[in-house]
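Chains here go by letter, A, B, C and D, matching the order in which they are written, and residues are numbered from 1 within each.
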Amino acid sequence: MTVKQLLHLDPQRCDGCGDCVTACAALGHPARLRVRSSAANPGANGALACCRHCERPLCAAVCPTACLQVGSNGVVLPRPERCVGCRLCLVACPLGGMVFDAQGKAGKCDLCLELGRRGHPPACVASCAKGALQLVDLGNQSALQRRALAEHRGAHLKHHLGGGPSRAGGA
Amino acid sequence: MREEIMMAAGETMLLIDQSRCVGCHACETACKMENNVPPGPRWMEVVEHESVDAAGDVALSFLPLNCRHCADAPCIAVCPTQALARDGLGLVRLERERCIGCGECLFVCPFGAPQFGEDRLMQKCHGCRERRARNLPTACAQYCPSGALRCATPRELSHLVRTSRAALGAARAD
Amino acid sequence: MRHVVLGAGPAGLAALASIRRADPSARITLVSGEPGPPYARMALPYYLSGELSGRLLYPHPASWYRSPGVELRFGDPAEELDLPRREVLLAGGDRLRFDRLLIATGSRPQLREAPGIHLPQVHTLWTLADARRLRRKAAGAQEVVIWGAGMVAFLAAKALLAPGRRVHFVCRAEHLLRRALDREAAALLEQVLEEAGAVLHRGVNLAEIRPGPGKRCRVLLTDGRELPSDLVLVALGVLPNLDWLGDAPLARRQGLLVDGSLETSASGVFAAGDVAEVPDCITGEPVVPALWSVAVDQGRVAGLNMAGHRLSCDPALRANTIVFHRYVVATLGCPLLQDGTVVHRQLDRARRTYRCLVLSRGRLVGAILAGDVTAAGYLRTLLRRGVRVADPDEVWEAVP
Amino acid sequence: MQTPEVWSRHTELVLMWGCNASAAGIHQEIGYLYDAMERGARLIVVDPIVTAVASKAHLHLRPRPSTDAALALGMINHIVSRNLHDQDYLERHTQGFSQLMEEAGQWTLERTREVTGVPEGLIAQAAEEYATHRSLLECGYGHQRYTNGHRTQQAISALAAVCGHMGQPGAHCNFMEVGAAYTGFLNSARVQNPPGADIKKTRLISISHFGPALRAAQDPPIKGIIKWRGSLITQQPDARGMIEAVKGLDFLVSIDQFLTDDTDWSDLVLPACTIFEQWGVHPSYRHQYLQLQVPVLEPQHESMPDIDFWAELARRMGYEAYFPREWTGLDWLRLLLPDDFPLEQAMHPHGPVRLPERFCPPVPNWDGNFQTPSGKIELYSGVYAERAQRFPGEWDPVPRYVPSAESPDGDPERAARYPLLVVSQHPATRTHSQFGNLPYIQEIEGPATAMLHPDDAAARGIAEHDRIRIYNDRADSHVLAHLTRKVLPGTVELDSGRWIKTGGNVNLLIHPRAAGPRDVGDGVMAEYDMQLDGHTIPYFNLLVEVEKA
């Protein structure tokens, strides 16, 4: 099984500069992500509007012409020749993942697969000077969160106890 | 010094006493065996944290981290398909057939509780709902050797906490 | 477990996929009244207009249907339900026994008697056969009259509007898509249609169709006007396909009554899609939404429940898109609710954008977006959750 | 041993020495310890490693590994110098205090600090707190895993005696012992030699010298082994030498449930049935309760209870009369247990039951009597003096600190080449090598990892999770590095019990030695007294060097 990866925006780090959006659009298609400035609603979900490459994508379920498909690598990709531009996917996606070009054809984040094949991170991630956008895999992210929490709690516990429970000594 | 986090399910609650945890992982193993969770997802995970003060003394803290079935659960708030909901027992219930695997819950959960396995859909601690309905403690609590995890009625747990505090008070007064 | 799925539209196909996933050992018979493999009815206007090649009308390749336990009966519609024997009689004479039955027979176009309605110039656009026929007939047509101004009428117009052709709407109401759009949104859409060659005849009805001159016919309106026409399309909406059930004892009003799991009044018999009457997400009132996205969702849930799950289907959230060339309108929830609602409208005529939020008792109950529908998915989620919102600004802030 | 449900209610201070109660036998003790602490008891832990239980302690003393005897002697000296010792108890219930102090008196705080590395103030505070509270001394095996382990235990026990912290509720010197076995409650002689049977007494092989003894034994030489309920290869020092010794056998039989390191070298593997399929008895190191294990399944496939295998073997060797075919495991248990023991009450759902008080009193030694020739605590051990006449060894009648073999103090020359001392803890996730093959356990443990102090790592250019090679002139082991201050500088922690075939086994690196007091030579013995002769395996006498792999 390939590890499923997705984009994660750390709202604490994002200052809404928009470099990621510019970098995405520079690839020659309408920007496939949007970011709401973290100042407006810090820490809330939904700061990042972009495809999450769902395992059971609502966009693909509703697409009448089976234009959207989950690839074996877990990445949800459109087959443009099948798109009739009905926008049902846009309405179905709760996370703002669908984007339409000037011809009315569906497009969406492909995690910059092509760049990835050449060993580069997605353009948006590379453009983010604040390190707010990251490509993470689902499993490791929770492990990281847990460690960060433990760190936080550890510090808290130590503070609470006035320097830790034990006085240790040794060589 | 202890920190109590409780999750309620009908009659009983789970007391998580961080100060008693020694990081033996018995709860994790019990959870995996009870729920037949293959390697990968960890509904319960004990995380160890090491800190060193200016004097060079090392302090360890251990955190048993599972789904805390939060009262104001951010995962429920962000789940775009209502796959997560609060059930009649007060637990955060996951309806897996509704899950689309978008990962939103993971990013808002302060405990890293949402897990993703082979099928890439979310899975997590269900609070041993069925065991508790049969008057059994949660699997993690049943096999916790240090008393860091205890599953009992709120009355029993409050009595437990009060008596241990009272003993401590009496000992200090001596 | 023997499953019979009646109908190969979005609900039927979603159900088939669900049953297969939930119970790989299930035996499933997929029955479709139409000949040939299942196609996407939603895409017919694009086929008719030539934007989509016929081969892309089929969502799944033949191999998708070929799996152990799946049997296909295309072109052999169900004619009778024998509940006591738990059998479905097909037109071809076969009887299919079932343990679980899904009725997803969809809709058919509503017809109305009018003088001349049976003339050869008069058509409907509903099936692939209709579309194929119209593709030929429309080739030289310069004047087209569409009787109706609802969604089916709009789709027909969308298919037929082309350079050098005028398409007339015979519209009893004051504007197009009266059940879906408010006046402002309709006006923007009408403007786009008119620029493409549409002519709207508001506040009138069709009185009669007369043959001639030549290959043409003449459509007489109730205000006395007469429209010469190469082609007349009857597009007065759709009705659930339930006649075949005869007096089978299944509770029904507009559609089949179902419980939260989409089971009808008969145990083991489920309904999904355009034949099912379900509570509306916003109003709680029973509706037959007849929407593609609702059908997909219901088909999925019904399929899982047939395979032994106990999933409740969400109340229907009506959400739809209306696309003409590059102009898009999205409607969400119940934007036309009147009682106790506060409506916030932002219209930019120059840029042809419009957005309308309808709030009731501190909650979003409906929305219309025209010109720029980027926010539609988010609004749909807000509606679905019944999120409390103090004012429209709060809604727009929540949308990236 | 004073049982925890007694001491936890009465003690004012627990001094836990070389005992990781948070990993080893965790189900037996930690809850009681917390109960005592919630009552207000102090906890002092002596352990070079910051274990979980050490992190819960009020004081944590971290002596350099193998210097614990010096620490105990320094504490004794400080206590006596402050007049905090129990003169009355010493006079009535001990002998040899003056000889003890001749040795202990040399251990000033300064000298103790120099040898152990523990700050003087901390030694003094721990000693004073221990002496002035109703204190329980809870000993583990950690400080005994060295060639000077017997001396260390002697010194620690003396500390308890000097303070009179013996034989009172909440004050005792607890040593890890299966009370049921030591007190005669479980009479294994009756099972080893059924009543009436004439079975020749055999030689004994020291557990610490298994490999060498296999080669050394003569008249007759050892040509075959049947092994069960233990790991011959994974758990023995010099695992490679052990493999060589096993290869020299004509016949090796393993009775096991899994394909282990042992079964890889076996001529015959007999399927063992699990504990769920046979009768058994569960005593404890740490408390005085006993539970009978009742089979809940029929033995699966061709597996059989161990006792059935041995009984059948005995029958075929002509001892049929003593091994009745109709006997089940329960009958053998009856033989093992006292006649008046209420078997049924010790079974689920009634069990476990407390051991009869005539074997295991709740407060042992409450009357001040001890099982020594003098009936007193012998701070100067007459028994040792006497045994020195019969067996070679380090029979010092008073405790002394002598540097341990293969430690920086004991072998500076070797330490110059291999400067890091390896301590191999028991992880909470396994019981020795058991469970190491289970996927859940492998996931929780992750790959084999050694703890390195950040300073030692930096000096070798090693970063967190780097693959490292731990080596000496005997072997090497490849593991990942975990940089942590839980270990002292100069110390490496590498879990015990990792399988050789899955990597990270520490025993490959260890030279076979025995802790004293008795010198067991090549390991073949005619007789052995397990309470006096000692010779546990000094697993922690191991010097290595580490490099980035």
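Basically, contacts are C-beta pairs under 8 Å (C-beta built on N, C-alpha and C of every residue); 3 or more make two chains touch, one makes a residue touch a chain.
In this text the structure is predicted, and so the values were computed from the model without any measurement.
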Identity of the most central chain, Cα criterion: B
Most distant chain from chain C by Cα centroid: D
Higher-contact pair (C-beta pairs counted), B-C versus B-D: B-D
Mean-CA-position distance for chain C and chain B (Å): 47
Cα-centroid distance, chain B relative to chain D, in whole angstrom: 34
Distance between chain centroids, defined by C-alpha means - chain A, chain D (Å): 52
Centroid distance [mean C-alpha coordinates] between chain D and chain C, Å: 77
Residues of chain C whose C-beta touches two or more other chains: 381
Contacts with two or more other chains, residues of chain A listed in rising order: 46, 94-95, 165-168
Chain B residues counted as touching two or more neighbouring chains: 19, 40, 50, 56, 58-61, 80
Residue ranges of chain B touching chain C (in the complex, touch as defined): 80, 82, 95, 97-98
Of all residues in chain C, those that touch chain B in their complex: 304, 309, 311, 314, 381, 384-385
For the chain C and chain A complex, residues of the former touching the latter: 10, 14, 40-43, 46, 51-52, 56-57, 59-60, 292-293, 296-297, 300, 319-321, 323, 325-326, 328, 330, 332, 373-374, 376-378, 380-381, 397-400
Chain A residues within the chain C interface of the complex: 34-36, 40-41, 46-49, 61-66, 81-82, 84-88, 90-98, 102-104
Of chain A, residues touching chain B in the complex: 1, 4, 6, 8, 45-46, 52, 54-58, 74, 94-95, 138-139, 141-147, 149-151, 153-155, 157-158, 160-161, 163-168
